[in-house]
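To start, I am sharing the structure in question, which I have written as C-alpha cells.
By written order: A, B and C. Residues from 1 in each chain.
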Amino acid sequence: MLRYVGKRLLMMLLTLWVIVSLTFVLMVTIPGSPFNSERGTNEAVQSNLEAHYNLDEPYIVQYVLYLKSIATFDFGPSIKQPSQTVNDMLGRGFPISFELGIITIIVAVISGVTLGVFAALKHNQIIDYLAMGFAVLGISIPNFVLATLLIQQLAVNLEWFPVARWLSPTHMILPITALATGPMAIIARLTRSTMLEVLTQDYIKMARAKGLAPWKIICKHALKNALMPVVTIMGTLLAGILTGTFVIEKIFAVPGMGKYFVESINQRDYPVIMGTTVFYSAFLIIMLFLVDIAYGILDPRIKLHKKGGK
Amino acid sequence: METLLEVRDLHVTFSTYGGTVKAVRGVYFHLNKGETLAIVGESGCGKSVTSQAIMRLIPEPPGKITKGEVIFKGKDLASYTEKQMRAIRGVDISMIFQDPMTALNPTLTIGTQLMEGLREHQAVSGEEAKIKALEMMHLVGIPNPKERLKQYPHHFSGGMRQRIVIAMALICEPELLIADEPTTALDVTIQAQILELFGHIQATTGVSIILITHDLGVVAKIADRIAVMYAGKIIETGTKHDIFYDAQHPYTKGLLNSVPRLDLKEERLTPIDGTPPDLFSPPRGCPFTPRCPLAMEVCGKVYPVTTERSRSHHVDCWLQDERAQQLLARTANQ
Amino acid sequence: MKTKWVDQARQEPVQASEVPDAWFVWKKQDKAALEAVSRPSLSYWKDAWRRLVQNKLAMTGFVFLVLLTIFAIFAPILSPYEVNKQDLPNQYQPPSQEHWFGTDNGGRDVFTRTWYGARISLFVGLMAALIDFTIGIIYGGLSGYKGGRTDHIMMRIIEVLYGLPYLLVVILLLVVLGPSLGTIILALTVTGWVGMARIVRGQVLQIKNYEFVLASKSFGTKTSRIIRKNLLPNTMGPIIVQMTLTVPSAIFAEAFLSFLGLGIQAPFASWGVMANDSLGSILSGHWWTLFFPAFFISFTMFAFNVLGDGLQDALDPKLRK
C-alpha cells in the first residue's frame, strides 16, 4: 500500500511539474505574450511583472524562481488590475467556487448512483428507459444551454427561483442543477452498466443461492463493486465540474473564481490566466491523487498486487 | 430408498434477440437421499439451466420456467413464491458454480461471505457463526482457518477458493448440493482433490449431490447414477454401471467413445460429428437424428418412446423398438 | 415397453403402433445436412451490423447524423442567403416562410448559419477524432508492440499526460495561440490522443496474448486472414467506440470554448459561437437564435452518444449471442 501511495505521489509531482513548466514555456516563448512585448502595460504593472517573474534574469533563473513561487503558493500578479494578485482573487473567489463544486459533486453522485442502480434493477423496463433517456439528455445538453433554459423557464417565467447571484440556498438550486446534471448523467450511465455487469457475476448468483434477501445482495455484494468504476472517473468528473463552474458562475453571476477566470480570459490578462490555470491544475491533480488513494483503499486487490510486485 | 427430489416435465425458455430459445424441453429425473446423480452433456444442452431452474435461479426475464414440477421433499418448488424460495436456498438446497475465481466477491473477506448465509437463515451470534465457519473450513480442508477468515478471495488459489465455495454451500447443512461443473476451471491435480472432497463430504454429512458436468471422467469417479442430456432433453438415465457398460443411446455411446478410457483396450477416440441442434427451433423427432450414425426415417419424424430396460435404466431411442432390432439384424446379415 | 411419449409436432401422445413400419428404414445421411443443422454463422461484421440495426436508438442517431451531414454539405449551397451578410432591417425576424429558423441580431438567416455551423462543428469533431486516432494508433501500437522498457517509459509519459486537466490545457493553449479553426483542433488533440493511445495499447497487448493467434499461425492460416478474421473484430470494437465518442466531446469542448470567447472566430460561425452569441437573446424573447444551434449541438451529441453505445453493444464479442 505504501509503495502504491509513493508511486502515485511521484506521478502526481511529475504531472504538476509538467503543467507548471508548460505554462512557463508558453509564457516565455510564444510571441505576443506580455513577457516578450510590453505593449500597453503601464509602469506599475510592468514593475509588478518584473518583480514577480524576474524578467531581467536569464530564462533558467526565471524558471527556477517561477517554480519556487508556485511551490510557495504565489500565483503572480494581474496586468489589468495592478492592485490585485491572483492570490487575492483566489482568496475571495475560491471558497465560493469550492462550495458550489462540493455541493454539485454530492448531488451528482447521490442522484446519479440512485438513478443508475434503479435503472439496472429494472433492466429493460420503463424505469430503465426513462432513467437512461434522461441521462442521455443530461449528457447531450451543454451546461450553458441548460443554465439559460433554467433561468428563462424557472426564474424568469415562473419566478420560482432568483435569476442570479449566490446569497441563500434558493440561489444555489439553479446553478447546482445546471452544473450537476451532466456529471449525474455520466454517473448514472456508468453505474447502470457496471451494475448490470456485476449482477451477472457468479458471486451474485452465489449470494442468491445462499438465499440472501435481495436488498442485501444489492447493498452488500453488488453496489460496492459497481461503484468502483465511479470512483475511477471521479477525477474526470471533478475536472468537468471545475471547468463547468467557469460557465455557471458567469451565467448566474456567482462571484467565484470561475467568474474571475472568464473575465481574465476575455481581457487577456495573461498572468492571471496562467496563475489560475496552474492553481486549478494543481488542485485537480491533487484531487486525482486522492481519488487514486481512495480507490486503493476500497479495492483490496490493489494491495495484493503491490505486495506481489515487491 | 427415499426420493429427495423429483423433476417432472420441466420446460425452460429464454427470450433473446434472435427469438425464443427452448433450453430445457421436458426433463424428467429423480434423486434419492444420499446419492450422487450426474447430469452429463455437451455445453449448451441445458444441464446448467436445469440445475438453476431447480433452485429457481434463472434470471427472469429473459428466462422462464414455462412448465413442469420440481418436487423437493413432497413440495413443488416451481409453485413457490420468491420469498418461500429464499428460505429454501442455502438452507435445504445449495449450489456451487463453475468458476471459483468469480464465485467469490472480491471485495469481501472470506469470513464475511462464509458466515452471511448462516446469519441470514439462523439466529446465531457472531461468535457462533465464526465457530461454525471454522468447523466448515476444517471440513473442506483449509489450513490455518482462523487467519484465513480475515483474508480476501485473491489471497487464495483456485482449488482453495473452490473449497471455500463448498464450505459456503454447506454451512447451513443442506440436504441437496447442486454442483455445476465444480472442477472444470481447475487444474487436473486439483480436480482430483476436489472430487475426493465431495466423497468425504458425502460420507460425513450424508448430503445428496447433483453434479453437472461434461466430463465423463469426473462422473466415473463419484456418481451413483447418470443422466445424459442432449438438446434440452434427458435421453438416457441409468446407474453408473448401466451407462458405462451397457449404454444404449448412440449419443451416450458417442460420448463414451470420445473420452479416453483406461479400462478398455480400444485406443482410438472417435469424436461425434456435427454440432448440436439449434434450440431456437428444435427439430421434430429425436434431436440427435442428424448426427446419429444409426438414424432411421422414424427418428426425424417422432420423438422416441422411453424404454425401460431395467428399473434403473431408461433410454429414449427408436433403436429399442422391435422393428429397429429387426432392421439391425437384416443389415448385419447382408 | 412404456408408452409415455409424444409426437413433437402434434404435441400429443401417440401409440407406438401408430408409427408405420415403413419408417423403420435407415435414413439417408448427407454431410451437407449435418452441417446445415447448426445456425448459419454470420461473419463478425454482418453480425455486428445486424445487432446495430436492431438497436432503434442507435439507428435514430445514425440516421440523424447521415441527414445532418447531407444538410451540412448542401443546405448552405442551396440557401438563397449568405452566411455572414448583415441585413439589419431584418434583425430578429421570427421563423417564417422566408427565414425558416428566423434571423439573428445582424439579420442573418439562422437556417443558413445553422447548417454552416454544422460544417464547422462536425469538421472540428471529426478532425479531432481522426488526429486522436492516428496519434493513438501509432503511439499505443508502438508501446504495446515493443513492450518491455519502451512500453514502460511510454506508459509513464501517458500517465503524466493523462493527469493533465484537458480543458485547462486547451484554454491555456488557445489563450496563447489565439483561437482559430486550426489552433482549436490542435489544442483539442494535444492531450486528447492519450485516451486513444491507452486503448490501442491495451488492445495490442491483448492480441499478443491471444492463443488463437498462435493457433491460427500454427495451422498455417494466411496472415491477412488472421488479421481480418481474428484480430480486427477483437480489437477494432473499443477503438471505433472511442472514436465515436471523441467527436461529440470535441464538439462539446468547442462550444465550451466559444462560451469563454475562445471559440472559432468570424467569418466562421460554429454552433457554439452561435449559441453563445444568443445566450442573452432568449431573455429578450428571440428564442430561436439560441434554440436552433443549441438543439443541434444537443441532438448531435445525443446521436453520437447513442450510436457509440449501440456500437459498443454491437461490436463487443463478449455479448454476442
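Basically, a contact is a pair of C-beta atoms (placed from the backbone, for glycine too) under 8 Å apart; a residue touches a chain by one contact, two chains touch by 3 or more.
On a predicted model such as this, the values are computed, not experimentally measured, just so you know.
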Dominant interface by contact count, named by its two chains: A-C
Taking each chain's C-alpha mean as its centre, the one farthest from chain A: B
Chain closest to the middle, measuring from C-alpha centroids that were averaged per chain: C
Rounded Å distance between chain A and chain B, as computed from the means of their C-alpha atoms: 52
Mean-CA-position distance for chain C and chain B (Å): 44
Inter-centroid spacing, chain C versus chain A (mean Cα positions, whole Å): 25
Overlap residues in chain C, where contacts from two or more other chains coincide: none
Chain C residues touching chain B - in the complex, by the definition given at the top: 1-9, 14, 16, 19, 21-27, 29, 33-35, 37-39, 51, 54, 321
Touching residues on chain C, where the partner in the complex is chain A: 156, 159-161, 163-169, 171-173, 175-178, 248, 252, 255-256, 259-262, 272, 275-276, 279, 282-283, 287, 290, 294, 297-299, 301-302, 305-306
In the complex, chain A residues that touch chain C: 11-12, 14-15, 18-19, 22-23, 26, 30, 32-33, 136-137, 139-142, 144-145, 148-149, 151-152, 156, 239-240, 242-243, 246-247, 250-251, 262, 265-266, 268, 270, 273-274, 277, 280-281, 284-285, 288
Contact set on chain A toward chain B in their complex: 124, 200-203, 205-213, 216, 220-221, 224-225, 298-301, 304
Interface residues, chain B side, partner chain C - complex: 16-18, 26, 273-278, 280, 282-285, 289-291, 293-308, 316, 318, 320-321, 323-324, 326-327, 331
